[in-house]
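Have a look at this one before I ask anything.
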Amino acid sequence: MSLLLDLFTIVAVSGGLFFFLAGTVGLLRFPDTLTRLHALTKADNLGLGLIVLGLLPQCPDIVSALKLVAIWALVQLGGATASQLIAEFARRGGGER
Amino acid sequence: MTPATLYGLCAAALVAIGLFGLILHPSPLRKVISFNLVGSGTFLFFGVAARRGAVAGFLGDPVPQAMVITGIVVAFAATALAVALLLRMLESGAPTVDGPPEQPDDLSP
Amino acid sequence: MMPYATTPGGWMLVLALMLPVVGMLGIFALGLRHAERIAHATLLAGLAVALAIAVEVGRSGQAVTYLIGGWRPPLGIALQADGLSAVLMVMTSVILCSVGVFARGSFSSPPDGAEVRRPFVFWTLLLGLWSALNTVWLAQDLFSLFVALELLTFSAVPLVCLDGSRDTLRAALRYLLFALAGSVFYLMGTGLIYGAYGTMDIASLHQVARADWATSVALGLMIVGLMAKAALFPLHLWLPPAHAGAPAAASAVLSALVVKAPFILILRLWFDVAPQPLPAAAGAMLAGLGAASILFCSIMALRQARLKLMIAYSTVAQVGYLFLVFPLVMGSAAEMPWDSVGWTGGVLQLVSHAFAKAAMFLAAGLIAEALGHDRIADLGGAAKGVPVTVAAFALAGLSLMGLPPAGGFISKLMLLTAAVETANWWIAATILAGGILAATYVFRVVGSALAQPRAGLVMKAVPLNRELAVLTLALIAVALGFLPLQPLDYLGIGRGGMP
Amino acid sequence: MSLAVDLVMVLLILTAAVWTILARDRRDAVIAFIVLGLLLSLVWMRLLAVDVALTEAAVGGGATGLVLLRACARLLPVEADGALPGLRLQVAVGVLCAVVGACLAAVILSPPEPAPSLAPAVAAHMEDVGLKNPVTVVLLAYRALDTLLEKVVLVLGLIGVWALAPDLFWGGRPASLRAAVPSGTLTFLARVLPPIGVLIGIYLVWNGADHPGGTFQGGTVLAAMWLLVMMADLGDPPETRALRLRRLVAVGPALFIAVGLAGFGMADGFLSYPPGYAKPIIVAVEVALALSIAVILGLMVAGPAAKEPDQ
């Protein structure tokens, strides 16, 4: 049983890493702020979700598992707000440099 | 080459880079940032001493770790005071103290 | 291994530290209405505590020690008042009390009880500065001394830009940047010392210090950092505009006391922490910078048009005298460094300069209040308007120049004899040249103050009690001149445990 | 293999540091510094110093970054503000810094054997204090004087920041922290996050006695939540003359000193705790300190008074 869980963890975490990589490539390749923002938020949220999912079976007890999920939720909240603010700033023509 | 020694060398490099900025940058805000860099390097030296002193079942020697926490607090207070002083210096275009400061050239509306 | 044990009078050391902090927090929490009462009560109580500690040190013949929380170093922190610290604490409290009396005039809270910025900030920072100074004199732990140095910087910098004009703000920012750079260098040295010895306590370091590469790099960094904070010659650029820009009461405390704290730390590192004997070249280098300070900054003082800027430059010069002590004491024949003439001469120079410089800055403040400006060229009529202040300025100048019977004379003579004994002729020459330069810039001011006033010069009256506060400081500076001309054994108390 | 991770971390840090110094525009320098702050908190995790990692993340990346960003926002972008003086000077200063760095590296590369440590001494006396987190035991028991003086440094820093207000504005409210253009998203965040943040802050303070955490880390999180509320214009910065605010700032250090002085009577000296009662006293002092730190940090970021006190 634990072998299955370890296998699941490896697959999920590596999937997450792949999405992070995709997000970073998107950040470097895309032309303007809004598309970069799009790439970043989508890939990173999905990447982090997969990593947290992958780590859940490794948690010693339910409390630390819940802490992991809480961390994931907070990063979602923070990330979404930050990207909204940057998008509004970009749409208002800020950050032309 | 233990991790502690590696981070010690990184600390030495941080101090050198920060000192370079502290001496050369004419703008006070950049000097404050460079001071924080040198501070981070200095705290890493305490961290290396703490990691090497990890005995008696502790993950690290708690005494230098406590000193680093005190040092970080003092460094933050120093940065906040320096930045407030810098903003007030640039705002106080007018030498008179009593009236509200009129806007000099390089302060955003 | 540790000579520390809490001695009977030890609790007074804690009082000396905590009294100003409690006073400052009281003023902060209760507002300005009570500020002056709290400040004066704290100043008087602190003076009593400092005198009691000095008496206890003299009576018991050994250092008064206190282990904070009952924990023995190297785990805990020890406070210790040896002869030197007791003298410094009494000096600090006497100067702060007279500055308190002087400042009552310029920093009084308005009668309607409304809270105003300048007096509130002045009284809180003055008490904060005092607790920092007492910690520097007493703490035996290198990291606690770092926190004390930061406490000192945080109290002193806002005092410099208290009047809020643009150039004092620029001077305060430059002072803060220099002080922070010095503190971070000092902290780096402490980090390396902890990495090498695993303790921060001065007494234990004294017994285990090895003359290896790590220790010399650490002590080198710490001393360079402290030199920046003590405004020694190449790193003195921040001091004159900062001390001249501050209000009179603040610049008196800055020049007389705040600049001395880093020097005392260098003295402690040099003679208590460093493995003895230290290379003579290092001592000569420090003395060389000190001599450069004396000559260069005395000449700069001569060329100043404003009185307060001239006094600030003379501060840097007189601090240069202190750094001459290192080669004189190391080369002396006396078996213990503190039995040598140079050590007593250096400490006496520090104390007499503190009283003389405080009196000078306060006198300059009163002259500026009376005449409305402090341009040296036309101080004419000051002697008629504020005679007691000009007399105090002259007496303080006497001590600065090193003319008998002032304290400065005794200290410079002791330094001179030490220089002759240890055949450091260039130091002897510097001391004499410094004295002559000091004489020229003091007489220039006194001469122009005695000149005939311009026609129709109207002068503001200055209350007598403020002038008397300045006069007492000047008289103390002169009274120091009646000390005997051989090493004071009081200064050697409590240092026996450190061979 | 783990050394490779550290090597990558060191390379990342040095690039961020060089970028901070050589960035042409100050905003880029501040952003690079914030990145550096977060990387450093990872380094502290690698050095197995969890309390310090929390502090570095809270301050290095968070509070200091916020102060510097607000400074950038209030200073018009001067072009190429990061321009360095002449090349010859750069080379000279570069050599000097390289020498300092080399001396430090040489010291690091010759560590003393066995590495000196006070850990056994800390372990030996920990049961007298009754707490299980060694760093908190050192901060609040063995070296309690340092922690007390550090809080006094914070209060003096606040007085120093307030002293920069013009005489006319003394006692008034600091400049408003709200963004130039109000944004609905920020208001949403400022309504959802603070309750969670306050809970996390209290958890950090409460947990600090036995596990990593502590007064300063918890206080910084509480201050961040207060600043977030003020930034979203849901609350104005308080009047600096309000006595309630002043007593909130002074309550932490004052209680710490009172407990310390009480040590004369109840225990064997200043800042020592009666045996058996050490833990409840220390936790009480920690709660008061965290409150004061949260208020002081928030006020220091808000800055000096910028408008006349309300009549």
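For clarity, chains are labelled A, B, C and D in written order, and residue numbers in each chain start from 1.
Just so it is clear, a residue touches a chain if its C-beta (ideal position, glycine included) is under 8 Å from a C-beta of that chain, and two chains touch if they have at least 3 such contacts.
Predicted, not measured: the structure shown is a model, and the values here were computed from it.
Taking B-C and C-D together, the chain pair joined by more C-beta contacts is C-D.
Note on chain placement: the centre of chain A and the centre of chain D lie 27 Å apart, centres being C-alpha means.
One simple way to say how far apart two chains are is to compare their mean CA positions; for chain A and chain C this gives 57 Å. Inter-chain centre distance (chain C to chain D, centres taken as mean C-alpha positions): 31 Å. With touch defined as above, residues shared between interfaces to two or more other chains in chain C number as follows: 75, 143, 147, 150, 154, 157-158, 161, 164, 169, 188, 192, 194-195, 198. Listed for chain B are residues 15, 32, 43, 45, 48-49, 52-53, 61, 63, 67, 70, 74, 77-78, 81, 85-86, 88, 97, each touching two or more other chains. Here the touching chains pair up as A-D, B-C, B-D, C-D. Across the complex, chain B is touched by residues 2-3, 6-7, 10, 13-14, 17-18, 20-21, 26, 29-30, 33, 36-37, 40, 43-44, 46-52, 55-56, 59-60, 63-64, 67-68, 70-76, 78, 81-85, 89-90, 93-94, 96-98, 100-102, 104-105, 108-109, 111, 115-120, 122-123, 134-135, 137-139, 142-143, 146-147, 150, 153-154, 157, 160-161, 164, 166-169, 214, 216, 297, 300-301, 303-304 of chain D. Here chain B touches chain D in the complex through residues 1, 3-21, 23-27, 29-30, 32-34, 36-37, 40, 43-45, 47-63, 65-70, 72-81, 83-88, 90, 97-101, 105-108, going by the rule given at the top. Against chain C, the residues of chain D that register as touching in their complex are 103-104, 106-107, 110-112, 115-118, 121-122, 125, 141-146, 149-150, 152-153, 155-157, 159-160, 162-167, 170-171, 241, 243, 246-247, 249-250, 253-254, 257, 260-261, 263-264, 267-272. Listing the residues of chain D that touch chain A in their complex gives 181, 183, 185-186, 188-189, 192-193, 196.
Residue ranges on chain A touching chain D, taken from their complex, read 74, 77-78, 81, 84-85, 88, 92.
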